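As structure tokens, here come the structures.
The following pair of complexes shares a single chain, chain A, combined with chain B in the former and chain C in the latter.
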Partner chain A sequence: MNLREAVIAVSIALMIALLAYTIGAGGLGPIAPSRLRDLAVSYLINTYNPWNITKSALSLEAVTAIVWDYRGLDTFFETSVLFVSIVGVALVFRGYREKLGLGGKGLSEIVKTSTKVLTPLILIAGISIAIHGHLTPGGGFQGGSFIAVLLVLMSVVFSLDFVIGSGLTSSKLLMLRSIGLVGVLSTSVALVVLGIVLGTHAYIFQNIAREGSPLSMPTWLLDRPTGGTLLFFNLFEALAVAAGLSLAFLVLSLRESEVEEALGESEWYE
Partner chain B sequence: MGRVSGMSDLVITLYTIVVLSLVVNIGISLYGVFTRPSLVKKFICLTIFSDTLNSFAIAIGFRRVSDTYPSIAVLSSVPEELSELATFAETAVDPVPQALVLTAIVIGLAVYMFLVGLIVMYYRHYKTTHVRVVEGGSVG
Partner chain C sequence: MEVVPISIAAIAALLSVVATYLAVRSRDMLAAVVFSAVQSTAYALIYYVLMAPDIVLVYIPVSVGILPAVAVLLIKKTERYES
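Up next is the complex of A and B:
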């Protein structure tokens, strides 16, 4: 350990001591308070409140209500950041192409058969997590990441050739990702368009009727609450995240020689 | 740490240990980010750092309910009357940090994905993930 590392270690130890002292002295408020902040109480009371419908999201889960209703615009831009990052990964690995016939037989027949049984189960569990996002813990992102495991599992068990050969190419995945984002966008402006058609007032990202704009998304499907826009947001977000993460895994798992060959020498070392 | 009656000293001590170990974890992961020369190890330390901060934010949303554990911020059935909502708000944890952490995880994942891509390209270019090589110094 040289002098530079020692200085870093001492200053970090000092930071830990100060941070611990600050927290211990109540700098972040009491840790584990018995009383919640007023904002949290307001969210908890209003998340499913048919007696005060102009402040409610009509979602049984408070976290999804905050994420996609009260702070919907935040979450839209968060999804956009994820989209931009996937575009960035595709840009860093620009010029690659999926080549077949590079060999790779995958794992043994036993593993392959059990994976074939597991594949639909993973898909259905992921979709279920996503579309129950407003009823149980979970949501679009969680369900989407659950489904994205499928591509990793398949590329390990069946080989990358099988995945690309079965039609999961990066351009198709990017298209699915874009469909998801367009779905999120169109859900967020659906009530505005309806308001223009009907001649009434409506807001972007409006879910349930608010003061001065009486339009609402459908809140019940058969005998279950749908949370209005939340169901659609979770569904499209799951599609977008599953396709986006799969795309990133696919691009990152391409072989080095293929990328070098695809890029050529021209702009490789600039 | 503010003490509230109705909770035993043991639980408060355990909770203090959890919070303290999270703070120590922040320090250790930052040390790794600053001093490890390999980009992959720096990256691993960065993910540990962000996971620690997320756990810390969730811990801030925790609350003490007099004689039982707090419930998660999800209504288990459609409420029939207004008093059920009041009971729910008295026993559930704070949903705001959870929503913020969800956003933070997604954005963190987006950044990490891009970083991993950059590190892979770095390795293909320089045949190493050691940062000093590029600075012109010697390895070690």
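Up next is the complex of A and C:
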């Protein structure tokens, strides 16, 4: 890197710093109002409000309550963007089969041993983030992407042969992803089905009893609040995201000799 | 806001600008991926200081774990050096 590039980098950084100082000092108008907006106040009051459950999500974390309860349908379509793109990846690489014994020994024994210690910790952290989504920051997507890092780490440290040999093939990951997606769908219509059986009204993505529909999901497990549907949504979303992102990584890391059969098949279409 | 968190955010923002510049200018694609991960780490720190822990938890694994892995796979299947 020569002097000219260094001068350009420093001057860009200086410009950003001066701009940040100007905005921070209120030079371009007020940044944020000092008092809470009415919408924020109503969410803060109603997120966990056992005295008025027809407006409450009974979740201790406001972000998860908004994401999966108040705006549940938005989140469903938002995550289906990811799932549709993974279906696209699986469709483009259809006919692709993993093969064992294509070389690759992984990294040294020291790295492998320390990764063996780290692997269960990452898995437990991911599951914990997912199932505590309604109590602490985090949720299904966060926990799922934590777990998806595990397959990336394992394929780098232990080699792809180890990952495929241990049973994490793309067809199994596709099945896990489908189980997660079916779980999300069935959680969202669970109360509707129950309402049809019991002869009362219920809404899609309903969590707690609302006006005109008295049904609500179980909100306590032993001595812990579960947030009704939020626990199930986070659990199944974590499964679907972890399996989906792992599948995308596994399919994109294909070797040349693995696609030869699929290429032979596709010539038939041309 | 207090002085300490906002100065941490400012330092992280400066680091991210330098890392972004180096990532754009780098001829070695592998180095560009590493610089991009450095920039993402600085952004994660800014998100944490600005009280968005939900974003931090999804930003770190995606931008430091999965995205560089996919980018490295792409570089392996194409060319490492930009001519």
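Miscellaneous remarks
By definition in this document, the second predicted complex is superposed on the first by the 224 of 270 C-alpha atoms of A that agree within 3 Å, B and C clash if a C-alpha of one lies under 4 Å from a C-alpha of the other, contacts with A are read in each partner's own complex, and residues count from 1 in each chain.
The rule we apply is simple: a residue touches a chain if its C-beta (ideal position, glycine included) is under 8 Å from a C-beta of that chain, and two chains touch if they have at least 3 such contacts.
No experiment lies behind these values; they were computed from the predicted model shown.
Touch criterion met: A:T47 reaches chain B, while chain C stays clear of it.
When the shared chain is aligned, no partner comes close enough to touch A:P214: not chain B, not chain C.
In the superposition on chain A, A:E5 makes contact with both chain B and chain C. In the superposition on chain A, contact of A:I129 is made with chain C only, not with chain B. When both complexes are overlaid on chain A, the residue A:L82 reaches chain B alone and has no touch with chain C. In the superposed model, A:V63 lies in contact with both chain B and chain C. Judged by the touch definition given at the top, the superposed model places A:V149 against chain C, while chain B stays out of reach. The larger set of touched chain A residues comes from B, when the choice is between chain B and chain C.
By the document's definition of touching, both partners, chain B and chain C, reach A:L252. When both complexes are overlaid on chain A, the residue A:A20 reaches chain B and chain C alike.
With the contact threshold set out at the top, residues 5, 8-9, 12-13, 16, 20, 24, 63, 137, 139, 141, 245, 248, 252 of chain A are in contact with chain B in one structure and with chain C in the other.
Contacts from chain B toward chain A in the complex involve residues 1-2, 4, 6, 15-16, 19-20, 23-24, 26-27, 30-31, 34-35, 59-66, 72-76, 78-79, 82, 85-86, 88-89, 92, 94-96, 98-99, 102-103, 105-107, 109-111, 113-114, 116-118, 120-121, 124-125.
On chain A, the positions that touch chain B within their shared complex are 4-5, 8-9, 12-13, 15-16, 19-20, 23-24, 26, 28-37, 39-41, 43-45, 47-49, 51, 60-63, 66-67, 71, 74-75, 78-79, 81-82, 84-86, 88-89, 92-93, 135-137, 139, 141, 225, 245, 248, 251-252, 256, 259-260, 268-269. Within the complex, the chain C residues that touch chain A are 6, 10, 13-14, 17-18, 21-22, 25, 53-54, 56-58, 61-62, 65-66, 69-70, 73-74. Those residues of chain A lying in contact with chain C across their complex are 1, 5, 8-9, 12-13, 16-17, 20, 24, 63, 129, 137-139, 141-142, 145-146, 148-149, 152-153, 156, 245, 248-249, 252-253.
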